[in-house]
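Below you'll find a set of structures to go through.
You will see two complexes here that share chain A, one where it goes with chain B and one where it goes with chain C.
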Partner chain A sequence: MPSLSSRLTLPVFFLAVLAIFCLIAPNFASAGNFENLMAGYAFIGILAIGQSFPILLRGIDLSVGAILALVGMCIFDLSLMFGVPGWAILPLALLVGTLAGVVNGLMVTVLRLSPFIATLASLAAYRGLVYAISGRQLVPELSTKPITDRWITGFETYFDLTRVLGLKGVVKLPWVPLSFLILLGTLLVFHVLLAHTRFGRDLYAIGGNPEAARLAGIKVGRLTVAAYAISGLCAAIAAILLVARLTTSTEGLGEGIELTAIAAAVIGGFSLTGGTGRLLGSVIGTFLLGIVLIGLTQMGISPFVQQILTGLILLVAVGNDRLQTLRADRQRARALGEVPA
Partner chain B sequence: MTGLMTRAAPHALTLCVIAFVMILAVLEPAFLSGSNLIGILRAVSLVGIMALGMTFVIMTGGIDLSVGPVSAIAGLVAYFALVAGHGLVAALLAGAGLGLLIGIANGLLVASLGLPAIIVTLGTLSIVRGSALLLGGPDLHGIRDQAAYSFIGSGAIYGIPVPVVIFLVLAAMAWLLQSRTPFGTLVAAVGDNERAAWLSGLNVTAIKAATYGLCGLLAAIAGMIQSSQVHTASATYGKFGTELDVIAAVVLGGTQLSGGAGSVARTLLGVLFLGLLNNGMNILNLSIDIQLIAKGAIIALALSLAARRTG
Partner chain C sequence: MAHHDDDQPMTGRRAVLKALTLAPAAAAGASAGMFGSIDVKTGRPIMTRAAAQDGERVKMAFIQWMPHTVPNAWSQGIAEVLGTQNVIDYELLDGQGKVEVQVSLMDTLINDGTSVIFLQPIDSVALAPSIAKAKREGIAVITLNIDATEPHAAHVEMNHYYGAMEIARVMGEKMGGAGKVAILNAPPGIIIRDQRTNGFVEGMAKHHPGIEIVADQVADWDRKKAQDVLNTILAATPDLGGVYGVNDSMALGAVDVAKEKGLLGKMVIFGNDGEKDALASIEASELTGTQYTDVFQQGRFAAAAATVLATGLVSADAFGQQGRVLMPYLIATADNVGQIQPNQRW
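Here is the complex of A and B:
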């Protein structure tokens, strides 16, 4: 278990960055800006939560962007081409994403592919499938028609926090998007699952040492498939939120988003060597990236510089993670008397 | 039957390539025409050149995701050097040198700090792409009146396109380096058991930095050939997905992502396999969506067969 101080590093760093941008970036500390931040990064946070599961098992899921697009296109087709009502579309969408994740998991366990290669192959295949089923190409006149089903567009709702709390006239709080609340709900459910159930403990065990976990009687194969299924499920939730926001879907939806999700999870403390990390970290990691990018935009800094800084943040985060590991190793060695103190 | 399977397994990819050629030749006689075969080589030359360097990196147990942006920035730097009137040699050296430097930086971050290669090169991917965009903006820069530079991408020697010639020469050099020099053995030793290599006195950091440097250099060369081929340089070239094609070619050739085993010759087979796959699907007039699905499925299938063999 990581020490309290190493657990607090990320939240403290997050708050420091937040404070700095509130001070130096014009209009950063405004209600509207926090609305944008919450609405624009909630779905990425959900992807990062999903991505955390394969990474916890020393794997990776490169296909989340393609799954996102696949689910998005399914919603588009079902709603606009077939006129399926929204309440029926939602469970189907979640099912499609979960199945796509299960296929990834089976490739890793049954076909024994390395997760990197398996999800690389499925990235190509799922993206191809998106083009194949694209209602935009099958029925071209639909491509300008927005999705209007209330069950789907309803996800793009904002709640007036100021009025709910009865603070009208006292302070102006940002309106909270429903997508952000769904992010919190997803976080809560999967956090409980990971931190307080046998299932979660087994996942940590597999990530720490798959062979030892297998010998201890843990069903490694089944749990690995479950981890990739959760990643797919989260991609489906993210797809619903994104389609609701855009009121449409495109073939290129979510291209390259897997990199942001992976970066968020790694910044959040999920080590690629498996076995460590907490989901709250992934969500904080997501919003850390979000704050930096939105803050820099408001300071009028070129998006190209932002890209450079995103890369640097990633390097610093992984460097810091490495430093912590080394320090922990040294402490352990000292405790065992292997090196003089 | 199993005996035959076991004996045939190491040659599975070779057999696949041969079977592929025969099927395509029957389905479409034009496939075997000289111009189509040259066309295949020309189409794979850029990915092939990058795959040569990637082979060494993957042999050490690492990976380089930054090859796409590196190729873009090299083409861009060569363009700016040409426009500034520094001449062809200086332009090529500038582009290649930059690629080499970025590669070495990757290698040092991975080797001396012990950071995971996936994340480091994901970070440099972002940094290099941002720098390229900062340098050249998102627009295309037309390369005009540079006959010598254009020859690299569009010229031909005895009817063979120059990119193919460069690819074959570099492939021969990489093959020699990997199979006939101590360097190849050292790289495999590091990938096989890094700690053992370090304990036996090898300079693991230098070896790793060299492989990433080589990978960056070759990516830069590919990028300059591309910019010369299409007569434009742009920061957006080598778009996301390039590195995936390159890595797919290397692992299809049997180089293990966990490091150790690997060979440039087999990478060339992997490159050829992907080239045939793309060409065959184009000849058969399959739409892009079917092509993507088929490619993903075939790569997954081929690799799982390989995993059964070794596992």
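Here is the complex of A and C:
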């Protein structure tokens, strides 16, 4: 269990960065900006939550961007090519994403492929499948037609927080996007699952030491598949939110977004060596990246410098993770009397 | 000014010269209300968000698809015109080839008090909600090359379809009206890919029905990938007589292969865009030709309209109809490439 100080490091750093941009970036501290931040990064936060599960098990899911595109294209095809109503599309979309995750999990457990190779292969395969089933190619005139089904576009809804709290005329608060509330709901559900159930404790145990977990009777294979399934499910939820925001889907949707999700999870405290991390950290990591990118854009900083800074933040997070691991190893060694105090 | 449907292809120097005259015409059209409207009660132009309060600086930004010679040249043309105004702050933003990034940048610019957004949309539908949001805030959006389904202030594009038809006509003539051709294509899902491909295919069918298109392979806009793809095609079709790359990078990849296999002069190779490396390759008698567009000028047209919209008391939120500029072009070959001046090469 990490110490209180190490658990507070990220939230304090996040608040410090937020405060700095509020002070120096023009128009940053505005209701509209926070609304954009919530709407623009909610789906990435959900992807980061999903990505946290394979990372917790010393794995990785490189295919989340491709799963997102696959689910997005399924929604596009079902809605525009086949006229399926949105209420029927939504469960199908979640099912497609979850199944894609299950396939990843089976490749890792049954075929015993390394998670990197397995999900790299599925990244290519799922992306290829997106092109193969693309309604935009099969029926080209659909490529300029938006999805209008309210069951889907309804996810791009905003709530007037100022009015709800009865603060009209007192303060202008950002409108809260439904996608952000869904992010909070997803966080709550999976946090409870991870922190307060046997399932979650077993996942931490597998991430800490898979062999010891197996010897302790934990169904390592089954839980590994479940972790990748959750990652796929989260990609499906993210796809629904993104399609609602764009009113369409494209073959290239979510390309490269797996790296952002991985970065958010690592910045949030999930160690690539497995066994540690909290989902709230992944969400904070997501919004930290969002704040930096939006703030630097508003300051007119070159996009190339933005990418360098994002890389540096990731480097600091990984460096911090490495330091924590080394410190823990040293403390363990001291406790065992292998190193002089 | 021309609409896509009724425009006819132009060739030769006249087309390039005409392009030079269109920038002031674009500005004049805009100032005459083409991109805006007049308040019917007062008879005065409706003001945009930015329309010029004294001493206030005006923000404009260009969200490109991703860094590439074409948007870089647009941006140079835009910056050149806006730089003369002295009240405009301009920045170039990178969409990283991702619709979700472009949407996020649009949101940021809308919130940041930007007056005019130049946009090279990755997708015509996906950016439409963001454009609608910008319009609600009184922000003028000017698209470059790829149109959006949501009507907006203006659209300035290369003549993809008719230019590709004209490439097919000239290429067919160079091939003597017979032989086999391969297309090195972009990945699917992009409108300009379809326009450049369909124009070429239909142009061949119309002007040179004796020429057979034997391959249409994706080479990802990329020179190296084009080399690999063409090597594969040549293995299956050693008597290939011509290659059309839907951009110059892929056509130059085909030139690399032709050099390596001793096919230079035996194979007719055309590109599309007209970047300076392609023009140099034509002058070196390697690349047969390309569709040249003065991309600096395209950026200047967009900037001229933007300047009027932002500082000329013309409305951005009540457009009667979307302004549209279709760029003139030149099918550049060894016969006429010398007409393109150094300062027109990008």
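One rule holds in what follows: the second predicted complex is superposed on the first by the 335 of 341 C-alpha atoms of A that agree within 3 Å, B and C clash if a C-alpha of one lies under 4 Å from a C-alpha of the other, contacts with A are read in each partner's own complex, and residues count from 1 in each chain.
Keep this in mind: a contact is a pair of C-beta atoms (placed from the backbone, for glycine too) under 8 Å apart; a residue touches a chain by one contact, two chains touch by 3 or more.
For clarity, every value in this text was computed on a predicted model and none was experimentally measured.
S.K.: Touching A:Cys22, do we find chain B (first), chain C (second), both, or neither?
M.R.: A:Cys22 sits against neither chain B nor chain C.
S.K.: Just checking: does A:Leu99 make contact with chain B only, chain C only, both, or neither of them? Give me first, second, both or neither.
M.R.: A:Leu99 sits against neither chain B nor chain C.
S.K.: Pick one for A:Leu193: touches chain B only (first), chain C only (second), both, or neither.
M.R.: Neither partner.
S.K.: Can A:Leu113 be said to touch chain B (first), chain C (second), both, or neither?
M.R.: After superposing on A, A:Leu113 lies in contact with chain B but is clear of chain C.
S.K.: Report for A:Gly128: first if it touches chain B alone, second if chain C alone, otherwise both or neither.
M.R.: first
S.K.: Once chain A of both complexes is superposed, is A:Ala263 in touch with chain B (first), chain C (second), both, or neither?
M.R.: A:Ala263 contacts chain B only, not chain C.
S.K.: Tell me which partner A:Asn36 touches in the superposition: chain B (first), chain C (second), both or neither.
M.R.: A:Asn36 sits against chain C, while chain B stays out of touch.
S.K.: Using the superposition on chain A described above, determine whether A:Val84 touches chain B (first), chain C (second), both, or neither.
M.R.: A:Val84 contacts neither chain B nor chain C.
S.K.: Between chain B and chain C, whom does A:Leu178 touch in the aligned arrangement: first, second, both, or neither?
M.R.: neither
S.K.: Would you tell me the residues on chain A in contact with chain B in one complex that are also in contact with chain C in the other?
M.R.: Common to the two interfaces on chain A: residues 131, 255-256, 303-304.
S.K.: Which residues of chain A touch chain C in their complex?
M.R.: 26-27, 30, 32-33, 36, 39-40, 43, 131, 134, 136-137, 140, 143-146, 156, 242, 245-248, 250-257, 293-294, 297-298, 300, 303-304
S.K.: What does chain A use to touch chain B in their complex?
M.R.: Interface residues on chain A, with respect to chain B: 60, 107, 111-114, 116-118, 120-132, 255-256, 259, 262-263, 266, 272-273, 302-312, 314-315, 318-319, 322.
S.K.: Okay, in this complex, where on chain B does chain A touch?
M.R.: Chain B reaches chain A through residues 63, 109, 113-116, 118-120, 122-131, 133-134, 240, 244, 247-248, 251, 257-258, 287-297, 299-300, 303-304, 307-308, 311.
S.K.: In the complex of these two chains, what residues of chain C are touching chain A?
M.R.: Listed in rising order, the residues are 89, 91, 93-94, 96-100, 103-105, 107-108, 110-113, 122-126, 128-129, 149, 187-189, 191, 194.
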